[in-house]
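Chains here go by letter, A, B, C and D, matching the order in which they are written, and residues are numbered from 1 within each.
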């Protein structure tokens, strides 16, 4: 069976209140569609013939189809065939869950995800062993790399067509599993779990630092934005090392009386915040952490998702190698070393 | 003190005086400052024909250039009026009403009635009307009858600088929406105008010439054509009374009726197209209310039922001439005059 | 009672619930009475969309202006227009908010900052730019909110107003109430770029999308946007995704909607039920307290209908009054 | 051509704004003997209709001005001559008559502005001045009037005097802010004006309220008032037609104002449309309504004149002329006799409150005589 690539493109990511309280980017629907056309062209260039796409009515698919029709009308064979996953559209995150599940069951070799951390998290929850190729829709994300999507498409195409060996093409990623009341409710985060005292979901986005209490990150990267940056500016932890970091923040906020350190961090695009940090420590894999915050909300990858009370029992556990992603840099380096994009044979036999 | 100034200057002066008197008066429109945001002079144009020139220097940000976006800024003027300002919005050419008429006739005109008398909308929409400027079909119309048709609007069309100033001041002070129509070919016409502020009440026609033989009713530019006709007729001992309506809504029926009851003859001159205009309106009203006084059928002298043409040779035929008005007067005086039913076309 | 985890005090929560319940009961009562033939003309019901009007209006005072739509009852109630006056207006009575001269589509109360429901789609946007301009000229920190449906968002007036508000940096919030249908036509078909946020971005202002059935989401997002506008930060757009429980107008058989769609929405996305469950579940409000409000609102609506039916029709002389302030 | 026995009758010029007039009717026929002051013909201007009186005596030999025909100012409209002048001589005179060019006249008008403005302690005061040498004469108009009320007098008086006519505060084109609307306040404004133009002393001619202002000035500053001529003057009794005052203050339209103005004249027909329009233009200026209301409340409250100066002015040493129109409907002509022997009194028949306009020749002759004697 020829490899099939799934595409999950979220039309409504990057529409939240950070557009108002900070100066976050808003990637237009037409630009999202253009990104997909670039990815599709790259997949096709690598030989991918069929793509399974999540249906949505936010406008991406209709724009993509116009692009495909234009190419057909001009006689160009630029794109793979697009197949929509047969499923009803609800316009909620359930669509992402359902589409990912269907793609996995249909045997997709990889899933290209266009969206923010939240969209990637939803795909990761359902993708099982199917690797993810992430594309960011904005500047407000920590998980997907910021990179020209054409390259992501090429790498994914090479990987699923078997032109790059799997141990180079894919790599494992960490995640934090959230369990409430012994698994009665479960969820996960790809980058960060923040415990805040606000006990409502509201407009979801996380930006009021005075309410932050505890932070758990899978990687602590000073080069990214958001919660991960807080940890990253204290003690960097790489994506590919085991375990993460746990940070405890001062309830007194910016004017700590408990000897906390003041950290200034970019918690949202263009938004520097002063945060009182009480202490931090490594978060080893497979060790359950029980937060000290008694009631509030759990924010997963920057968005408030679940509220809890003193009656609820929380536990957080970091898992190494929890799901796979396409190693774009690795694929492209391999392609170069092996002259995969030239018509001449590779001068050097790669050492697998 | 009084001195000779043009209608253009009189309008500028009225805006200046009212902005000085009342801080809630703001003035907005396309290029009314001219050059906002560009690299040259601040007050480069002062309106496309310079009517608002110099006001920016005196009143600053209370004069606002707008985007070329009539439905937005005319609507904004209406909304601001409903919220306590007294905006004067310039609709450069009244012909542009086509893109913002909803804000005028469905919003401004109806607020008071629809809201049970609990709103007032003191907005003034001023703009150029009329032919003779070689501006062709979309910049030359006399659309006054369309506005006059709408309950809730007041419609003003001055014929001279003195009236323009007093009527514009009244328009700004008035608590109802006012459509203020400025005939572009009258901008340069000068007359004695006091330097002080004064308001001319609406609904009072001006009698510009006394006469006992025939009543000529008009407004705007054609008032001057009617006066020319009256001067020519006087050589033949025909004395025409010339009435300048000044405001079309409200309209001064009493003055018209009183005059016709004395003269027994009526000629109505309207630069607008011939159907459903001020001429038909006044002729019908007089026919209904002073039929017994009429010695001949009322005559109507109007533009033809065509768009305004471009070529000067055609456009000059378009606007009612003094000769056409004089001929209409003679028709009312000839034994067969009352049998003339032709609509000018 | 538990500690209140919400961003609203218990009083505010109860007030919000009362507003939403009042809108719901008002509309459902009109639905019934319209079908009985008691009400003349057209009515467009807001049922299902209550969280949007309520969440936004909680941030406003009488000095702030709103320009509403043909579907304006909810905006009126949330902005504080008297329910008795509204009901009487819809019944065409002389005691109505507009003395029986406006009707459902033109209810206004300028003393409450309610600049009128509007029968012309998209017409409110320029008007609210004017209201905001007036606030800016006076420097009174007032803001203007205009509501527009997903359908009317295609009107030139709306798009021109986005530009004007951005150019003049006016304190305006454009609220797109996206219930998915422009009368009977699907939003996905009729709106070219499928995104109001993109449109806002194109006019140089931020746009935010929230779940319009979640009072807290609307309240929080609107709060930030309104504060920004009030502080001179300029205009913004707020898209509220919401659900319409009834047809475009009363009497609309809604054959353009999928079978079971409305039932499913009522079961899963009823903003009033969601609010009640959350506040009760959190232990902040007792179910009884909500029931008491339900009873009080039911009495209020019943009394408003009774009073409206008993009120005199406008006198014949009213035909000719209120055209001008003076003429 | 000059011929002392042949006297041309020309279209008169009443006030500086008049450029032409229409002959509306001859009151003498050719061949009639005409005495000085006889009514000759009626002329209508856009401002007013007035009778042209004979300035000299003789036989009306030729009538050239046709009825209902407009002639420029100074056009020859009739010839007066002794009976023994031959027709040939008259024909030659007519043939040789040259109407002064209108352009030259306009240039002259431009050279000396029609109106001047003085920035006085009482605010901006508009005034006009005519004539040179001779005694100084100051013309003070009445309530609601302005210096054009002296249209038919100013040039005649200027033949033998230096004449000033002003607009009182709140009137004409003077300031509309009236600091003190009482007689004393207006009198102070007149004195401020005199100071500004360097007028130490003048013969005061006051009409109506202007008469009372003049009397007040004579009482308060006797050395600045050489004589008083009081025309239909206020201040000589209580009675006044309060309906007129209220009507004038309250009128907002041509329709309201016309009947009010008609009470000013014995001949109601003299109230032309143009006269009404001019007054409406004045009344519509911002501040005028407030000024008139303030002045009328100060002077004519409760339907009567507040200040009666009869006793005081009778005791003063100033020479006084009192002139009244017999048919005055605003202030009764009976007030003419209020000063008894202290004044010279003339009551003119067929004239109303605006007697100086309705019977201008007679009034002008009286004024000249009075000033001449008092000087």
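Going forward, a residue touches a chain if its C-beta (ideal position, glycine included) is under 8 Å from a C-beta of that chain, and two chains touch if they have at least 3 such contacts.
From a predicted model like this one, the values you see are computed outputs, not experimental measurements.
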Shared chain contacts [subunit C and subunit D, defined touch]: B
Distance-maximising chain from subunit C - centres being C-alpha averages: D
Whole-Å gap between the CA centroids of subunit A and subunit D: 97
Centre-of-Cα separation between subunit C and subunit A, whole angstrom: 37
Centre distance in Å when subunit A and subunit B are each reduced to the mean of their C-alpha atoms: 66
Subunit B-subunit C separation of Cα centroids, rounded to whole Å: 40
Listing of all chain pairs that touch each other, if any do: A-C, B-C, B-D
Of subunit B, residues touching subunit C in the complex: 24, 26, 62, 64, 66-67, 69, 71-85, 87, 99, 102-103, 106-107, 111-120, 151-152, 154, 174-176, 203, 250
Subunit B-facing residues of subunit C, complex: 65, 67, 96-102, 106, 108-111, 115-116, 118-120, 123, 125-131, 133-135, 137-138, 144, 156-157, 160-161, 163-164, 167-168, 321-327
Contact set on subunit C toward subunit A in their complex: 2-3, 5-7, 188, 193-195, 197-198, 201-202, 206-210, 214, 216-217, 219-221, 224-225, 228, 236, 239, 241, 278, 282
Sites on subunit A touched by subunit C in the complex: 11-12, 15-17, 19-21, 26, 28-30, 57-59, 62, 91, 198-204, 295-296, 307, 309
Interfacial residue positions of subunit D with respect to subunit B in the complex: 68, 115, 117, 124, 126, 173, 176, 252-255, 273, 277, 281, 284-287
